[in-house]
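In what follows, chain A forms one complex with chain B and a second complex with chain C.
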Partner chain A sequence: MRRYIDFYLATMRISILEQIQYSVANYFYMIGMITEPVIYLVVWTTIARQQGGTTGGYTVGAFAAYYIIWTLVRNMNIVFTPFGWEWRIREGQLSMMLMRPIHPIHSDVAFFAGWKFVVILLWLPLAAILSWIFKPTFDIRWMEVIVFSLAIWGAYLIRTMLLSLLGMITFWTTRVSAIFELYFGLELILSGRLVPMTLMPVWIQDLSNYLPFKWTFFFPIEALVGNLTDVQLWSGFGMQLLWIATGIFLLNIIWNFAIKQYSAVGG
Partner chain B sequence: MNPIKLALTYLRIGVLNEMQYRINFFIQLLQSFISVATGLIGLSLVFGQVKKLAGWSRPELLAVMGVHLLMGGVIRSIIQPNMERLMDDVRNGTLDFVLTKPADAQILVSVHEFRFWQLVDVIVGIVVISIAFIQLNGTLGILQFFGFLSALIMGGIMLYSVWLMVTSISFWVIRVQEISNLFEGLYAAGRWPVGIYPSWLRTGLTFLVPVAFAVTIPAEALTNRLTGTSLLIALGMTLLFVVLSRGLWRLGLSNYSGASS
Partner chain C sequence: MTPTISVSNLSKHYKVPERDGGMKAAVISLFNRKYRTVKAVDDVSFNIEAGEVVGFLGPNGAGKTTTLKVLSGLLHPTSGMVNVLGYEPTKRSHDYLRQVALVMGNRNQLSWDLPAIDSFELQRAIYSLPVSEFKKTRDDFIDLLELKDLVNKPIRNLSLGERMKMEIVGALLHRPKVLFLDEPTIGLDVTMQRRIRAFIKEYNQRWGATVLLTSHYMADVEALCKRVIVIHHGHTLFDGELNQLVTQFSSFKTLGITLPDPEVDLSQYGEVLTRDGARVTLRVPKAKTSQVTANLLSDLQVDDLTVEDTPIDDVIDSVFTSTKAAK
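Then we have the complex of A and B:
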């Protein structure tokens, strides 16, 4: 256990130092990502205004709050991509990682976790500017802040598990871009990334209850900007833990099969 | 050497290359369908709430989506692959091999790569536009058609020029990959008519990243909103962007020192 903690702390420190150096590049990346929620925000506030100020229970200010917090949650959701797994396997980069006495997934989790601290720091001024432009309305309780700050890390871990699982497919085939696109399409609809889930048709909302996606977007955002009760907040966090555990379990099983397929192409 | 002949030769090589991987056609087709499906879901969510969005009806926004898809296909098949290669070439110093060839370097770097299968998006875009047009019960006059076509071509040229300017930054800055991400993010804004955005963003989408000219104006031509004035402004802007990008490219090139290899 001790060596894992040491490994995580060291990797996170390296990644923080590395990413701070590239803060301008990081900023360009973050600004590029911000256009997506701004587009949704503009479309939905236009609709809310046309309908006299509210749509599906969301006011103009509530939409602004939703999509501004969205930007942080989206940044927390950036993890090592399945395209990265494809590259690792195709180029034989994985061989090197397999030599180490620790599962390769740990270095991904630790590296991106360190990066998140830089991202959160860089996000603050962006959030201030967005708030100044779009005038969000917040009604925040302390408990919401506590659960939110845990839930963004929960979202990070769930998405790490999901995308790593997706990446495992590349052990069998490298023609995966269509599968990935399909996944991202489903995620867009079922996670609350496109619109708050409450605006979706009821059957999509029902479906999303049985899937992990909404715990990576909708739940963390709702935890802060919505009006969830304490019980709802903590049981939501419990669901996140459940999905993380499921992810780790599945990843372990599939990894055992997948690694047998690996034959170090090139490298 | 005749630049058109040169471009066509590279185009042929690109097609031959891609023909080796025919299954990619189906993969690309599937991907296009996924993006159309998510786009349609987005539209149905919007029009589940309202009849018109900022004055645009559902089939009209479908036309915007079609143009956006078509232009996106053009960007991903021709513009983006070449510009990304240029970024790599500048960083690795392999641009030397281009500069020593006896043809205009800007033309060479712009026609080198061609992703043939990405053109599937162009075809799917045309299909979406046609469906939107049928839903609109529109009749396409000859004048309207040429308005659409010329707006589309000018939009393409402007997008290319902006990409070239952004890529030229790589002569000074090393990590420009993020800038191209930024561009992709901004291009996504073209999925909706630029009129719905607040004025500061609309200005950016018109003059910095000419999404307005590339997507909204061609869509306006299809939905009978286009005026001669905006077509003229588009022409002026196209010329301006071409001149500016050529200037920045040459300035950058004079700064290039061929980073050993």
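Then we have the complex of A and C:
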């Protein structure tokens, strides 16, 4: 265990150092990323205003709160992508990683976790500017802050597991972009990224309960800006843990098959 | 004594899709895909004892890198047995990976944006090295490769040779007992090649490490390896001492002659390889070397005469050429 803690700390340190090196680039990346929620925000607040100030139980201020927290959750959701796995295999980087006495997934989790600390710091002034422009309404309890702080990391881990599983398809075949795009389409609809899940048709909401997507987007946001009870907050976090455990389990099984397929084509 | 590396009847075959060119063949291949089996390594066997430095030679596509990848646990063999340090590499046990290193001349593992000293710290954590031992090894290696002024510069600001030296330090910080080196000097200038060779030699002598090296630069092989394994089309062609390879595969000697008259025709004595002013190199059958030498000295006024074995590059080339011709 101590070995892993040491490895995680060292990798996170490297990641923070690298991101600081590129802080300006990171900032522009984040600013670019804000375009998407700002469009959603403008559309939904306009609709809410036209409907007398509320749509689907969301006021203009509640929409603003949802999409401003969205920007942080989205950044926390950035993980090593399947495209990255494709590149890693093609360029021979995976071979180098496989020569280390530590699973490559640990490297990814630790590296992106380190990145998150820089992201959170960079996000704070952006959130302040967005709040000044869109005037969100927050009614936050301490319990919500605690669960939210855990849930954004839960979301990060679930998405890491999911995208790593997807990335492992590249052990069998290259050119899997089409499959990735299908996944990202499903995620957009079923996660709460496009609109809060409560605005979706009931059957989509029901379906999303059985899938991991909403626990990576909608739940962490709702944990902070929604009106969830303590039981709902902790059971939601419990669902995140369940999906993380499922992801680890599947990852272990598929990895054992995938590694036998590895042909080290890139070196 | 159990060999450090033991390979018996190793084969690694790949199934690759194959089709004719053109639209029609492309459409047909959608429904009726044809495959061809490529035998990258076919029934290769060898043993390497602890502390040996062995050159693994062969032309591109001979199966060298595939063999190294199987030995380092990256690839699963199609058949055969592989054992390194008592471990089965394909199981990729962490204990095994802690004792080996694979260095590929065209691959890097250090962070591009950070000074190497930061990446070395990550290597310490990966291999759980005790801090004092890690610092001592790191500083020793930095001294040996004269990197003191470079370790604080971001890797991206270093030259190719400097980067390669850093990569080697990073790969050996955990002091592996077995080194798989795949073209470690590729693309480097002569001075840098020499430095890296000297370092590998020093590492081998100091730590008693076993080294399996592939290189297209015969200078690497001559400087480091007493023994070579030659592989071609996945098969072993030769396994023995380097000088034995020259004896077995070279039936010629090279004579270097300096004459006062550069215009003299020497074709009757042997094959003229080069002519540079008064200096001429001749290739003569090994069995006739003494007779030709005597004739030259008696027939002509000779300022200087040297007799050398065929350069190792030419020997290797003739090995591969003769195999190709025989196929």
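Keep this in mind: the second predicted complex is superposed on the first by the 267 of 267 C-alpha atoms of A that agree within 3 Å, B and C clash if a C-alpha of one lies under 4 Å from a C-alpha of the other, contacts with A are read in each partner's own complex, and residues count from 1 in each chain.
One rule holds in what follows: contacts are C-beta pairs under 8 Å (C-beta built on N, C-alpha and C of every residue); 3 or more make two chains touch, one makes a residue touch a chain.
As the structure is a prediction and not an experimental result, all values here were calculated from the model.
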item	value
Contacts of A:14 with chain B and chain C, given as first, second, both or neither	second
First (chain B), second (chain C), both or neither touched by A:263	second
Which superposed partner A:253 touches (first chain B, second chain C, both, neither)	neither
Partner, of chain C and chain B, that touches more residues belonging to chain A	B
Which of chain B and chain C A:32 touches, first, second, both or neither	first
Partner chain in contact with A:188 - chain B first, chain C second, else both or neither	first
First (chain B), second (chain C), both or neither touched by A:96	second
Touched partner set for A:22, first chain B, second chain C, both or neither	both
Partner chain in contact with A:140 - chain B first, chain C second, else both or neither	neither
Chain B and chain C footprints on chain A, overlapping residues	22
Chain B contact footprint on chain A (complex, rising order)	22, 25-26, 28-29, 31-36, 38-39, 42-43, 46-47, 50-51, 55-56, 133, 175, 177-178, 181-182, 185, 188-189, 194-195, 199-201
Chain B residues within the chain A interface of the complex	23, 27, 30-31, 34-35, 37-38, 41-42, 45-46, 48-50, 53-54, 175, 177-179, 181-186, 188-189, 191-192, 196-198, 201
Complex contact set, residues of chain C against chain A	14, 69, 72-76, 92, 94-95, 97-98, 100-102, 104, 106-109, 111, 113-114, 118-119, 121-122, 124-128
Residue numbers on chain A that touch chain C, as the complex places them	3, 6-7, 9-11, 13-14, 17-18, 21-22, 92-93, 95-102, 259-260, 262-264, 267
